[in-house]
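Order of writing sets the labels: A, B and C. Residues in every chain begin at 1.
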Amino acid sequence: MAEYSKKMVKVPTYSYLREQDADKLPVLDVRNLGIDFGGLTAVDSFNMTIGPTEISGLIGPNGAGKTTIFNLLTSVYQPTRGSILLGGIDTKGMSTHKVTRMGIARTFQNIRLFTDMTAKDNVKVGMHKDIKCSFISSLLRLPAYYKSEKAADKKAMELLEFMGLGDVADMKAGSLPYGVQRRLEIARALATNPSVLLLDEPAAGMNPSETAELTEQIRRIRDTFQIAIILIEHDMNLVMNVCEGIVVVNYGRIIAKGTPEQIKDDPAVIEAYLGKKEDA
Amino acid sequence: MKNTINSFWSNKARRTSFVTYAVVILAFIAVQVFDSMGMLSYAMRGQLIPICVYIVLAISLNLVVGISGELSLGHAGFMGVGAFVGAVASTALQSVIPDTSLRLVVAMVVGGIMAGIMGVVIGIPVLRLRGDYLAIVTLAFGEIIRNIANNLYVGKDEAGLHFALLNEDGLKMSETGKLIMAGPRGTVSVSAISTFMAGFVLIMITLFVVLNLVNSKEGRAIKAIRDNRIAAESVGINVMSFKLKAFVVSAVLAGAAGALYGLSMSNVSSVKFSFNTSIDILVFVVLGGMGNILGSVIAATVLTLLPELMRPLADYRMIMYAIVLIVVMLCTWSPKIKGFIQVVTDGVKGWFKKLFRGLFVKKEVGTNG
Amino acid sequence: MAVLQYLINGLSIGSIYAIIALGYTMVYGIAKMLNFAHGDVIMVGAYISYCVMIYLKMPPVAAILAAIVVCTVLGVLIEALAYRPLRGTSSLAVLITAIGVSYFLQNAAQLIWGVAQKTYSSVVAMESIHLFDGKLLITGEVIVTIITSAVVMVCLTLFTSKTRMGKAMRAVSEDRDAAQLMGINVNRTIAVTFAIGSALAAIAGVLLCSASPALKPTTGSMPGIRAFTAAVFGGIGSIPGAMLGGILLGVIEELCKGLISTQFSDAIVFGVLIVVLLVKPTGLMGKQVQEKV
């Protein structure tokens, strides 16, 4: 029998929202999330609350479980424990494409573009669910087909230009340089019209000037589309510059949470990155 | 006017479609002209309908293998379903629809629909598998379809159609009953009502369906799944549903082509729809180029005619066919051999350029001055 | 008693499938290609042994050795001429080339030996054993087949686990590039794999035709497809999987023929395969590879 009592205790599930989102509901609320792979706990007791216009960082040493968390958020893996509330709806048991349709979009650590298709077509694939045109009208080339294709073309070009990719629209995605491919992946993710954008190491392989440009772009994405962004990144400059809140994980658990300033000086974080300081 | 032409021509997908339709229509007209001039041999005329059938099969398989990226080794199974269902439907409707062309159309539609239903039944479990496992299961389904057809007996009398497995006695037909399918012997005494014209129309419909599908949002989704399944899922594409769409459309077209084939001769046995035929169709697709629809059309035509054209080689023709196949594959795919061919063609081109420059250099100067 | 009879017959035909399936699975594991011409190598092996016995009037042992030598050379030649130039390109291109090779072998056999079916005389000179008052018949061929397969399987397992070459083969099948960096000669390893696979095909050809003596240019294709199915059934790329898959497929086939229906044995065997793959999508003993995201 469970014992009932009136006493209140502090539970670690609810964290804070940024000031700008004070009057809004969190867009993503992750509670006590955990996953085991064959007895091995990869992620455990992961909590995170993201406001609708927040830029948040997820950092930690290699193998800390960051990408696994993204895979859980996008239903690539189903969690062993805990829940993910996307706009208040539990995504348990949903498939990846359904979760995406509910407003979560992502990029990949090892870029996953449709390499044989043009940059524009990559974005148009991202817009798939918003192109209103039935199977029959595209098969019979009814006016609805031309109308929807035209609208899609226009929006795809807008997105490409927004990401500074206007001049590579008709080039094959696979032939583009690395940094451009990363930005194209972001454009494709934005095309799904998300409310939360997950960026998995967006600056990996970029040179400093490209990274600086990316920092601006990330802010601009949030300001323009008014969406939440979570990014995994090893470039601390970028993270400290752009993120409003940071979550640090190691061995699948949260070891610190806070603003960039708080994280910078957190002993647990320093230890995770540099190892424990030996007492002399 | 010039502007519209330019903008039409600048769209690569539209250009490719246009060329494909144009080639098929011109080839059809050419055949009609040659035929009316009596330039087609009897053997050649006999190949016309099979060529149409194989073109449709190649295009439809290309939709699955080239566009959707799933290796299917059971395409002949769908062809078989179409052939037998078409033959039965046509015979059953003989008195209801006396007009042969209308009956042919109905038989092709029925054959296509039945093959499509089989496509759904097979596709739902099969498409969950990947790569070579998917290939072997499609092979298995193809063989199961053939095996069942091999033991199926269908007959018709006043009371309607009779079906039985394993032997003719199971049909329990009246005395006037007529056998349509006789197990291992396949269809018997079916009236051959297929025409080259019908084949041409079927090719045009197939091109229309496949090209429009490929150049639409569905086509983009299917190609996206082929290029990167995980990324496709991550942008909200239901992978299973689109793979299934491609698979079923392909099955319907193969079924219609099968009906055309089944009704082009009085007797077709189920051996025709075995693994070997599936492989032949796959060869058309790969040689024509994965995802290249016009390539499939040309490869199906040439390779169907090739054994016929090599008839003078008598006993050596099939072995020559095998050698041609291997050599073509090596020349088109091997990096080393491709490199060698490149060097040679570059050399020849350079030589020609030099020659032409020598011939035309004065003229160029003249126009500039 | 009838069931026992079917089981034994199934074990015998299954052992042959297993030997053929080993060839498929080893080549797949190491060269990552479906060698569709493998079934036709069986046919060549059978013809060679037939010729040595009938035309040269040599004893069966010489015939078997000749078949093994010819098939080994043939397998290595096919790999070097038709498959090696395509290594690293689309697997479909290699598949189609393999189909071309299969057509070539069949038609070459037809040119050399003719279309007409030849009656193979069994290489086994052993009396059949009658048990339980003749209710159970075990032919010499069945005994020899089962023993040969057992020996082949034991030898192959020892070879892959104990010898340098065997270890190299496993390394190449695991990760070709890494193996190359470790100083393993990949080309040679693949050539050896083809040699072993083709030698096994020769043995399978002799056993197959001893059990069912009809020999024609297409003799190899149906057992080839069956064995390929068996290899996938057991989990393609896995050597124990191919053995298990082959034997199970043979037993299921014979039981179907005996107990359910001869005419539908094909459909039932393939039906079982489909069900197994749907339940276990990488075959009975195949490795489940999680795609890394």
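Worth pointing out:
Everything below uses one rule, namely that a contact is a pair of C-beta atoms (placed from the backbone, for glycine too) under 8 Å apart; a residue touches a chain by one contact, two chains touch by 3 or more.
Just so you know, these numbers come straight off a predicted model, no measurement behind them.
Comparing per-chain C-alpha centres with the mean over every protein C-alpha atom, the closest match is chain B.
With every chain reduced to the mean of its CA atoms, the largest distance from chain B is reached by A. Looking at B-C and A-B side by side, the one with more C-beta contacts is B-C.
One inter-chain figure worth recording: chain A and chain C are separated by 50 Å, centre to centre, where each centre is the mean of the chain's CA atoms. Work out the mean CA point of chain B and of chain C, and you get 32 Å between them. As a whole-number value, the distance joining the C-alpha centres of chain A and chain B reads 44 Å.
In chain C, the residues that reach two or more other chains under the touch definition are 293.
Annotation for chain A: residues 76, 108 touch two or more other chains. For chain B, residues touching at least two other chains, in rising order: 230. Contacts from chain A toward chain B in the complex involve residues 74, 76, 95-98, 100-101, 105-106, 108, 112-117, 121, 124-126, 128-129, 131, 133, 135, 138-141, 145, 148-149, 152, 188-189, 191-192.
Listing the residues of chain B that touch chain A in their complex gives 209, 212-213, 216-218, 220-221, 223-224, 227-228, 230-239, 245. By the touch rule above, chain B contacts chain C in their complex via residues 65, 71, 125, 128-130, 132-133, 135-137, 139-141, 143-144, 146-148, 150-151, 166, 230, 275, 279, 282-283, 286-287, 290, 315-316, 318-319, 321-323, 325-326, 329-330, 332-337. Across the complex, chain C meets chain B through its residues 28, 34, 36, 82, 85-86, 88-90, 92-93, 95-97, 99-101, 103-104, 107-108, 110-111, 225, 228-229, 232, 236, 261, 263-264, 266-267, 270-271, 273-274, 277-278, 281-283, 291, 293.
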